[in-house]
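Residue numbering begins at 1 within each chain, and the chains themselves are lettered A, B, C and D in the order written.
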Amino acid sequence: MTDPILKTHEITRFFGALKASDAVSIDLRPGEIHAIIGPNGAGKSTLIAQICGSLAPTSGRVEFQGRDVTGLSTRARSRAGLGRTFQISALAMEDSVLQNALLGALGASGRPWRFFGPALKDSALREQAEDALTRVGLQDDMHKRTAELSHGQRRQLEVAVALTLQPKAFVMDEPMAGLGSGGSKRLTGFLDGLREQAPILLVEHDMDAVFALADRISVLVYGKVIATGTVDEIRANKEVQDAYLGEDA
Amino acid sequence: MIRETHLNLGIIALLIAIPAWALMADEPFIITLMTRAVVFALAAVGLNIALGLGGLVSLGHAVFFGIGGYAMGILAHHAQTYTPLTEWPFLLEGTKSMPVIWLTAIVASTFAALVIGILSLRTAGVYFIMITLAFGQMFFFFAISWSAYGGEDGLSIYVRNGFPGLNTLVPVQYFGLCLVILLAALFLNARLAKSPFGLALNAARQTPARVETVGLDPTRLKLVAFVISGAITGLAGALFADLNRFVSPTMFSWQLSGEIMIFVIIGGVGRLFGPVVGALVFVALEHLLGGLSEYWHIYLGILLLLIVLFGRGGIIGMLCGRERLHD
Amino acid sequence: MTFVLFAEQVLNGLQFGIMLFLMAAGLTLIFGVMGLINLAHGSLYMIGAFAAAAVAGATGSFLLALIAALAAAAAAGALVEIVVIRRLYDKDHLDQVLATFALILIFSEGTRWVFGSFPLFLNIPETLSGPVTLPGGIQYPLYRITLIVAGLLVAVGLGLLISRTRIGIQIRAGENDREMIAALGIDISRLYTLVFALGAALAGLAGALVGAIQSVQVGMGEPVLILAFVVIVIGGIGSIKGALIGSLLVGLTDTLGGVFLPQLFKLVMEPSAATNLGSSLASMAIYILMGAVLIWRPTGLFGARA
Amino acid sequence: MKTTLKALSTAAVAALAMTAGAAQAEVKVGMITTLSGGGAGLGIDVRDGFMLAIKQSGRTDIEVVIEDDQRKPDVAVQLADKMVQSEKVDVMTGIIWSNLAMAVVPSVTAQGKFYLSPNAGPSALAGRGCHENYFNVAWQNDNLHEAAGAYANSAGYGKSFILAPNYPAGKDALTGYKRFFEGDLAGELYTKLGQTDYAAEIAQIRASGADSVFFFLPGGMGIAFLKQYADSGVDLPVVGPAFSFDQGILQAVGGAALGVVNTSQWNKDIDNATNAAFVDSFQAEYGRLPSLYASQGFDTANLLISAVEKADVSDADAFRAALKAAEFDSTRGDFAFGDNHHPIQNIYAREVIQEGDVFTNKILGVALENHSDAYAGDCKM
């Protein structure tokens, strides 16, 4: 077994008396898609926030590429190669699709302090951005205003921005949310191929997508991981069925 | 709808045509008024970088305007009275040279903007508005009691400062100088908006969380925007002081901060020529309404109210619709 | 400096703070419930003072004057809310600042148009004038003690209103979640008008009470407005408790700063320079306080954490 | 700008209609004064007094252009540019505030125009910065404060507590008082400009052991101070310059000002025919009692008229000499210019009294006789 790229060690987070994460230990290995599922309020978003650095755990630690990153900011983690997509699209709505992708490329380049030449004419940045947009299938919509995109297209753009960062690992927060079945299938196909480039920690509600994509699944209930295993193991797990799948699947 | 670039060219034409007409018709005061509008526009171009691009609602930009003004006032005052600014640690003399004064104004306001920006950017939203207002008030009260430089009376300069090769006392020559600076600032602003920095700043305004996840620091981007913005407004302050040959603490007042903001909003927040249109319209209103009635502030108030309530995106927004994308 | 003088100055600071609270309470309430920055709050203060002066001049009754101030400011507030303010709730702070700035221009010049350019007369009622002797031998004006009591009563009343009554529940609901309030079947626009009128009435009351010992003139509202903003920002916008604490802090800082800073500097420098520097610093003191608080706690003392 | 004329009161428009109708005006006067916002009352009084004199003279060769400076220095400077560049006026006047005067006057006089100050008299323009084309028809800023100091001596005060706002005019005021006051100071305070609550200062006065109080707090500040002082139970005698006790604001102070002694170069009961006629006609024209500022506006216009009668404004030297002679009937009685073109005049102590419902002033006596100013010696003209 290869060493995991991303790993949490018993991270626990309290909100007042409420334990939103309860000693969560999960890992993400090269080449895999590891899905996190769980009912609403199970603490999935809290977990992601701690992995990406926008929320500090009360105790426990986060390791990325063998390094303790618990004390690092969101920025430092993304510079280290953690690519995140948001559940609710966090895109610059007034800007064009291409500009959003360019922002990712600019962030990856680490050279934002240039005040004169047009960003759109920077061929290195532009190539990277267009490449990412092409990969998610937005090549024909590059010059649209982001606000004009459909919901599904925005999800695609989220993924494209993460791609421009050329991350070592992806953390995706419900990328399928709100997509129709067609869009969902297309994105599933795309993510399927993406795991070769970098592993994906996938938080998702769409069970069809999860079962189609995941190499492993962890089930989170009330902030606690109640089970981790392959698709078949999880399907067969009695506790999971009681706690979660029973109502949903 | 008019193409924005066409409108902008029209405005530049107007900025040249009106003074040219005034020159021929021997109406030097119109040129003075236009100079006032151009200098206000420059101050507002400065604010627009913080406000339009960075989303920073600063109600304290008069600080930089005032610092620029006092840079001119203090240097020229010492030159005029033949007293050195300081003799220790080295002898520093006053000056009547505009380029030196401008440079001083820019450096001083850059420094002030850096300090105020670092402190103020710890807050956001309404708190940011209020803390910038508080800094403005601090400078205002300081200037009022700073008796070495006139306190509330301010400083009067008898002759406008000099610029190599020009007679700045001739209204049209000084106007030309200010106009060139305004156009240069607009050019810089246009390039800035499209630059990698502008792209990142634009995103930092709309979605700071995203900017963080691509590994950039939105606060630092905003800080740099604030500093550039303050420097430009500071330069405008120096020009304004020279236009009036006078500086006083009112250049630091919160009403002035409000007025600079009004220029931007009337013209259109974030639009390249918004501040120019806003300043032109405001100066024209001040001039025309002021002649109509003692109570002209009422009409000004009603007009402003109508613009906020019904005119989305200021005058440029009404004429040109939404901003085109930079592709 | 004797203890008596010190105690008197502390009392002065408290009284000034409590007056600021009347202004700040309305401002912070309006911000908390509607999310609106109202620069025109100072104009409502002015309207209160002018209404009181006009009625006191006509009837000679201070009580009637106070009632008139409350009514006039509340009516003006409700009117402005219905005509202008309610169109601003959905807009960003920038538009709110500009629109309410425009309202200041309209109100100020409108008042000058009606009442003329000279200050009006409004005086303390006979029964409340003159000083009384407090324990410890402090001679203190009765009217100022009345102001402290009145301000504290308003603070308590406001606290009860918010914690105990139906309207209070609605106000708190509105602060937390605007959708919830709609879900509760409350008529939002009526509630907003009511809250705005309440805030305006408080400002009007403050204007009338303070007008009696100051000058009733056009433009009297803006300096107080800025102080009230300083107060609510220090206290945390939207928090009534914050407004109270912030008012007292600002009142004490301003009063004691003005008294003690020049004396402090006299210890280390010659008197006239000390007076000069001390007075300059004193006039900046509350802004320095506000800057320091915000740098320490970016959302004020009792503001919601971002 | 002809449109500005619409802004004037009906009476003034009537006066101007005559001048505008004349074939050509020989003297063009630019008046920049404060007509809107806080402090508009002073500007309106100066304007009304000035226009009343022009109207009474019946002259058709004086055209007055009036503009509102909103009490903003930058607006005043811009209007001055307009007056000089576009209106091409010969004489300017009207400014109320010292800081606005400092912004406008030096450049106007440097451009060869005459300036007649109806109110402000900053020390810089009286001493080293004096100018042959600048005439002050009101007072040098220190004058009334100096008179207050002199009055305090004559009233036998030995220990004064003095206070003023922390800005240049405030510092000049305390300096002026101290220049003449021979007793000791119980305390000296600078308050915040625009301050409205004086409880802290009054407590200090109470504790200071003073036997008198001198204050200079113009406008609303003075109203607030007097009301609070009267209510505080401190009953030391108060002296101040006329600004806080003038006709316009006295009604707003009310009984709190009764009995206070203040110093002024004018009062409505100064006994001369010009003054009596002025008070009556001002009341008839505008329906209110004239103020100090109105009298200054009136005198300024009459000075101008006296010069126009004697000399052509295009002959600057002759016109200047005619102004300097000051041969006009002043509402103050005797009036002359010193070498620095500032007044030499009596300054009176007056007391606030009540006449029926109206609060007004009554002269007690002369505080300083034929008084000039402390800066005249510095003026090299």
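We adopt the following convention: contacts are C-beta pairs under 8 Å (C-beta built on N, C-alpha and C of every residue); 3 or more make two chains touch, one makes a residue touch a chain.
Here the structure is a predicted model, which means the values were calculated and not measured.
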For chain B and chain D, chains touching each: C
Most distant chain from chain D, judged by the mean position of its C-alpha atoms: A
Chain B-chain C separation of Cα centroids, rounded to whole Å: 32
Where chain C and chain D are represented by their mean Cα positions, the distance between them in whole Å: 35
CA centroid of chain A to CA centroid of chain C, Å: 49
CA centroid of chain A to CA centroid of chain B, Å: 44
Where chain C touches two or more other chains, by residue: 108-109, 112, 276, 279-280, 283
Multi-chain contact residues (two or more partners), chain D: 36-37, 40, 166, 190, 192-193
For chain B, residues contacting two or more additional chains: 141, 144-145, 147, 295-297
Interchain contacts, given as pairs of chains that touch: A-B, B-C, B-D, C-D
Sites on chain B touched by chain C in the complex: 51, 57, 59, 119, 122-127, 129-131, 133-135, 137-138, 141-142, 144-147, 254, 258, 261-262, 265, 269, 295-298, 300-305, 307-309
Chain B to chain D touching residues, read off their complex: 27-30, 32-33, 36, 141, 144-145, 147, 150-154, 156, 158-159, 171, 240, 244-246, 248, 250-251, 290-297
Sites on chain D touched by chain C in the complex: 36-38, 40-41, 44, 166, 188-194, 196-197, 199-201, 203-204, 206-207, 219-221, 223-224, 227-228, 231-233, 248-249, 251-256
List of chain D residues in touch with chain B within their complex: 1, 3-4, 6-7, 35-37, 40, 67-68, 72-74, 77-78, 81-82, 85-87, 98-99, 102-103, 106-107, 110, 122, 166-169, 171, 190, 192-193
Of all residues in chain B, those that touch chain A in their complex: 191-192, 194-200, 202-203, 206-207, 209-217, 221, 224, 323, 325-327
